[in-house]
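Next come two complexes built around subunit A: one with subunit B, the other with subunit C.
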Partner chain A sequence: MAGQTDPHISLFSPQEVEFMAEDELVEIVPNMNMEQLNFISGDFGLFIPQIPTKVPLWLAVALKRRGKCSFRPPGWMSVDNLTQILEAERESQSTFQALPFSYVEIARLLFDHAHDDIPDKYMVRSLVEDIRDVRLHKLETNLGSFQGTSAVKISNVSAMEVNIVRPFVRRALEAFYKHDKPEADVGRDTRSSRQQREANNEPRRPLRQR
Partner chain B sequence: MKSRSLKLREAHKVGGSAAFCSILWDHKAEHFVTSSSSDPSISVHDGLLPSTLPPTILRHHQDGVTALALSHDSSFLASGSIDHCVKLYKFPSGEFQTNITRFTLPIRVLAFNGSGSLLAAAGDDEGIKLINTFDGSIVRVLKGHKGPVTGLDFHPNGELLASIDSTGTVLCWELQNGIVSFTLKGVAPDTGFSTSIVNILRWSPDGRTLAVPGLRNDVVMYDRFTGEKLFALRGDHLESICYLTWAPNGKYIATSGLDKQVLLWDVDKKQDIDRHKFEERISCMAWKPNCNALSVIDARGKYGIWESLVPSSMISPTVGIPDILPKKRNEILNFDDEIEEELHGASESLNDSFVDSDDGESHHTSRKRLRKKTCIDDDGDAYEELNDGSSLPSASQFRKMSHRVHREKQYAGSGAFKSTAASNKYKMQSSFQPGATPLEPGKQTFLCYNMLGCITTIEHEGNSRIETDFHDTGRGPLVSSMIDFYGFTMASINESGCVFANPCKGEKNMSVLMYRPFRSWASNSEWTMRFEGEEVKVVANGAGWVAAVTSLNLLRIFSEGGLQKHILSLDGPVVTAVGRKDHLAVVTHVSDCLPSNEQVMEFRVLNISKMTEELKGRVALTPGSRLTWIGFSDEGSLSSYDSKGVLRVFTGQYGGSWIPVFSTSKEKKQEENYWVVGLNTTSVYCIACKHPEIFPQVTPKPILTILDLSLPLASSDLGAASLENELILKQLRLYETQQRVDDMALAGVDTTALEDEAFDMEVSQDKCILRLISSCCSSDSFVRASELMRLLTLEKSMRAAITLVTKLKLPFLAEKFCSILEERLLEEANEAITNPSQNPNREVVTRVESKVQNPPASFQTKSSATKLSATTFVRKAKVSEGLKLGKEQVKKDETEDVKIKEIKKLNLIKKPVNNVNKEDKGLRKEVNQEEARRSSNPFLKSTV
Partner chain C sequence: MGIFKQREREIFDLMASSSEVGGSSADYETMMSTSDVELLKRAWRNEKAAPEILQYEGALVERAKEQIELVEETIEDYVENGKDPLLVSLYQMDLDRTQFLLRSYLRVRLVKIEKFMFHNLKSEEAERRLSEQERVFATKCADDLVKHFEETVLLKLPENYQSVLKQSQISEVDDMVPQPHLDTFVVCRSNNFVSLNLYEEGESPETVEMERGDLYFIRYKIVKGAIESGQIDLI
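Moving on to the complex of A and B:
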């Protein structure tokens, strides 16, 4: 997909998407005593050894780097669950399985920084990669099949996947819109047409589920 | 016979004088290794075609190689050299692994133990080093020889190590504790300091005898345990023996003498069968495994293989190899055996140990019995026959038989007893260590787990490895792992050190107590204590003390440095013990288990530094349960947990009683068992285990779950169980804190911090009560509400309660509340006036005055309660807000009333006294009690 390589077309670079995903909460098991941390986003802690607590991913990674905690891999990152998801993803061609919105980024960060805390890490890693590939492929084929519409609804698409297809889909939808209503297009620039689309399509959202 | 020539091939060049050369076979006879003390290289020869294939040469040493050793499975080769190094290689590849140790003087001899986990190395240095082959750490240094150690051999069962030095002294070491089991002084020839001749000794493959060259050109056999001389092989050697080796089955022995002869002996008949004369002295020999062949190497570095040396008319040396191989010798067997014995009652196991320990047959009998139990009978018989074929003295065989018969009789007897006399007899629970999980062979288990850290042990090829970890890795000291020769089963850890103990296994292994401090200004401040004739049952440690409770019901208290400070006799057999700072809690049995399966136990809490008893009482348990954990909460109150999942805390209420503060059955998650680790006043720390398991595994590292304390309350019609629970817990907490304040005040310690804490608790308790009042009001239980009103501690919260009920449009309740408040204030005033002598403090007097000034406000509230609710208290939506407002109001009232207080004071005091007299006396009493408690209330001070 074009957006994957060209940073100008994609809205966010993968690094930016990852940065945003770092706000997700993960569970860690600290091995130090520390007071509660008060951040703008909320209070985290107290940190007592061997007692799990939830912190943002970026904080967890920072603590892990200093050897102050170990991760508890999230529940969806088990071999059983991932195998099930992979099978389900392969089975149905139109729907996506429910995974955390930024599962690719979380998995990536965990593998980079906390691979020793993940049981069956090689298996999990290959499963996550497989799931990502299957979903991406599915998304691409689905995009190829939509026609004559100004809105698409696909549920359970993750951040990275949305980010990849967003520029293409947006422009494709714009094009569809233009060609569907040539009379409405006269005398209007693209910006106003987009505004109108946004205003109009709310009730029409569940148009075609792919 | 003599005509048969043996062609020798050169492996190592030996120039000048003779050198000590070594030869070794691997266990499959695929390769053999040679070395020479005048050549730094080691040659690995192909065992099948030694002549055609050039040997692999390992050149890592800088000087001659004096010692070679192969691990039992031939995966590792160790070499020792005159260059003071011991190197480890992979075998057969010969890949260099590591310099596993260094000495200050040349190495003379190396030996692997049966499992390959230990390498013993010795030489001209003072001690024999036992090296852990896994990480190269020195497990132990055995010191005792006066000269260079030239011979080492591990006993086949891995428990003993025999060593011989060049002066001819033999020492036999017990590896478990590193002590010498026997010494044979000067039994072998003195070889001087020459590196070319060594003294040698070898255990027989069945492990019963130790063969050592004698002073009279003979080989002397010694008993494994006592070191008694059994017999000697004496024959045609003209000079003393310099090397000997047992045939794999132990029926033959090959000896080489300084007279350049090699003799083959039949050990059973004690006579030589065959001999061979060589041109040079044979310095080393090795039996080729699975073959009737002996490889030899002479002092010139020439080797050869003496094929089919045992005549075909006799039993081949490869037939009937005793299976005391390390795999078979695994502790699992012994362990199972022990469990079984335990099941059959203590008396019998005692009997066992008496019978077993005086001969050396315990292993054999136990294995045999196990086989009989688990496998088909034929198997065991076959094994017996095999043993009979060897040189087993018939007497011991007979004893064994009779022993077994005896045992079987006992089985029958005990079974009958059980079935008739005590069919439903329950046993007293055995002693346990809090925070330990049951030992499982081959698996890591917790010896101790508490809020601070944990001690784990794993049995690994006969020895155990003990690891100590702190949960807070940043703060706790790093403690290196320890090889445990004793087989510790009990441990306790705190900030300053850890203590270990093992039970005694028969007469040979005494019960040992060991203490390892984490920080000490002096090196080597570990210490051990041995107990003869008694067994450590439970250990505990605290601030500067270590305690051990033994099978003789003795409580022994040691200082941190190992000084024996106190020995107390306890009332009964110990169940468990735990320490925290100065306090030691010991639980003992009071009597046998009741027929209803209730354990009768008693606890004592001792203060070690003051030498006082602080608490004593019975241990409360759920019927039919056992005590599974005992400990101190973070605040220091004694807590217990039983097998039915009820956590109790001991409080001073009602003269000292257990309060069940947590119950597993009340938790929603039924499929989990909780393994308690610790608790504080609000929550319990535990490890959640999936249902069938009741204790956690070491890996993956368990994490703690925090559960709120919840009393087993009856389901009330109020529908506010959590609030009721909270209230009781808060009352409990407040009570404890006030007790502590009183204790500290008595001791003359500054109590302000604790008093502040108590004040905070009172505030939060009042908040809780206010919420309860509101839920009582909504369910129309007004009597309960007024009772709750009386429980309120702070005046401002009472005011808040009044505003609350007025807001809830319950004027009659508001009126009642007002009268309660009045009563309270009058009581206080009364108290202050009648006992002014008790409060001579000026501050207190002013406090009383400020108290007295308040009634006008309350009267006002009473008279215009409804009006006020409409105007002043409209803003108060929440109870907590009401509390705040109440506080503000109190302050306002104070400032306004300060001026007129003197005038009104007398009047007010008169009136209320009359009022109170009319009231119910019981209520008054209650208020009085309230008053008594409030005497230490810091709030009163703070309002002034």
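Moving on to the complex of A and C:
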């Protein structure tokens, strides 16, 4: 079935997250001639040997796999930049460094299909993995410090990371909200609180409202 | 080539910022130039993340269908005329991607319709958001379900408990009808500077202000209006 994931695990499957990331533009250097492509998603081309051009990631990977182009790794993927980011991530306990929203997916696809186009590929790969680890760890530890609010700001978290923590944070925040709310309900009549109780026919909750 | 009717152009400048650090994937100040695929992707993402059914994007779906059919014909053409198989396969990939978006969008809506069948038919607001075909489907589905329940169980229960919608005759409201859980938390990203009321009318008026590109975990109810007006995207 086209894209029906179990929402209790996570909203989007990893493949769907990758799908969304594949529309990001990357730079490639074609090694052949090809006419302009008039896709539904946009016009790309012309393809002239040795002239760099920007195309969506999925198209770039497809061309690379057929040996028709080589990649120009994005600016943020240099050893220097990544080392800087890794240090900054390690230093700060509560903020995240600014990285492209789909950095995980982009890096993954590049490593899988175009590793020979990445200078110092082993270094870059290990840096990206370290950054991922540090950020995930930060996310996990920060989760313990949530309080009962209605809005939590998460800056610079990437798509994949959001998708991973989403189910847990959702349930945690909902539980907080539910427990904070009854204080405000005391003034309301019983009818609306009954309605609220019955309206909870969605995923089974271990905690029931009074 | 000029075969395809591209409704909107200027896609690249919009998407060019997406591979930069921290950029959002479309400049919504020039939203009218966003491609249909981008709009479809946005609709699909919003629909997936929202707990209730959102407004049906009729015009967008129609345009997408047209473009898909056009490309299908062109591909057949190409194959017959022996055009470069690489080109054909690339066009096919683009087609597959767009088809996936469209299909998944419609499927997610169907799942929500089935889940909240009675609620959608009861609430006028929800009914307005369905397309013609979805409404027909929902009505038929609901009728079948009612019939099924009645025949198998309800008519055999004592008289006070025979309604599909109410637990018993003494219920004041239709409490057997599952409702979408609007207080659920969603992740959203703002496209403009927007200031929202955190609480409902009459309670302490705290606001949250979002800059463009901020990510928030927030209660769905708070951002519901902003999503409809396109100021906020669900992620």
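Operating definition for what follows: the second predicted complex is superposed on the first by the 174 of 210 C-alpha atoms of A that agree within 3 Å, B and C clash if a C-alpha of one lies under 4 Å from a C-alpha of the other, contacts with A are read in each partner's own complex, and residues count from 1 in each chain.
Here is the rule we go by: a residue touches a chain if its C-beta (ideal position, glycine included) is under 8 Å from a C-beta of that chain, and two chains touch if they have at least 3 such contacts.
Given the structure is predicted, the values throughout are model-derived calculations rather than measurements.
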Now for A:L86: first (subunit B), second (subunit C), both, or neither, which partner does it touch? neither
Look at A:G67 in the shared chain and tell me whether it touches subunit B only, subunit C only, both, or neither; answer first, second, both or neither. first
Between subunit B (first) and subunit C (second), which, if any, makes contact with A:M20: first, second, both or neither? second
Could you say whether A:N156 touches subunit B, subunit C, both of them, or neither, answering first, second, both or neither? second
Using the touch criterion from the header, give the chain among subunit B and subunit C with more contacted residues in subunit A. C
Of the partners subunit B and subunit C, which touch A:N38 in the superposed model: first, second, both, neither? second
Does subunit B (first) or subunit C (second) touch A:L109, or do both, or does neither? neither
Contacts on subunit A seen with subunit B and repeated with subunit C across the two complexes: 68
Sites on subunit B touched by subunit A in the complex: 470-475, 685, 700-704, 706
Under the stated contact criterion, what part of subunit C meets subunit A in this complex? 1, 3-4, 6, 9, 11-12, 15-16, 18-25, 35-38, 41, 45, 48-49, 51, 64, 67-68, 71, 86-87, 89-91, 93-95, 97-98, 100, 103-104, 107-108, 111, 172-173, 175-176, 178-181, 183-187, 198-199, 203, 208, 214-219, 222, 235
The subunit A residues in contact with subunit C across the complex are 1-4, 11-12, 19-20, 22-26, 34-43, 54, 56, 58-59, 62-63, 66, 68, 74-76, 98-101, 106, 150-157, 159, 162, 166, 169-170, 173-174, 177-178, 184, 191, 194-195, 198-202
Along subunit A, where are the residues that touch subunit B in the complex? 29, 31-33, 48-52, 67-68, 70, 72, 119
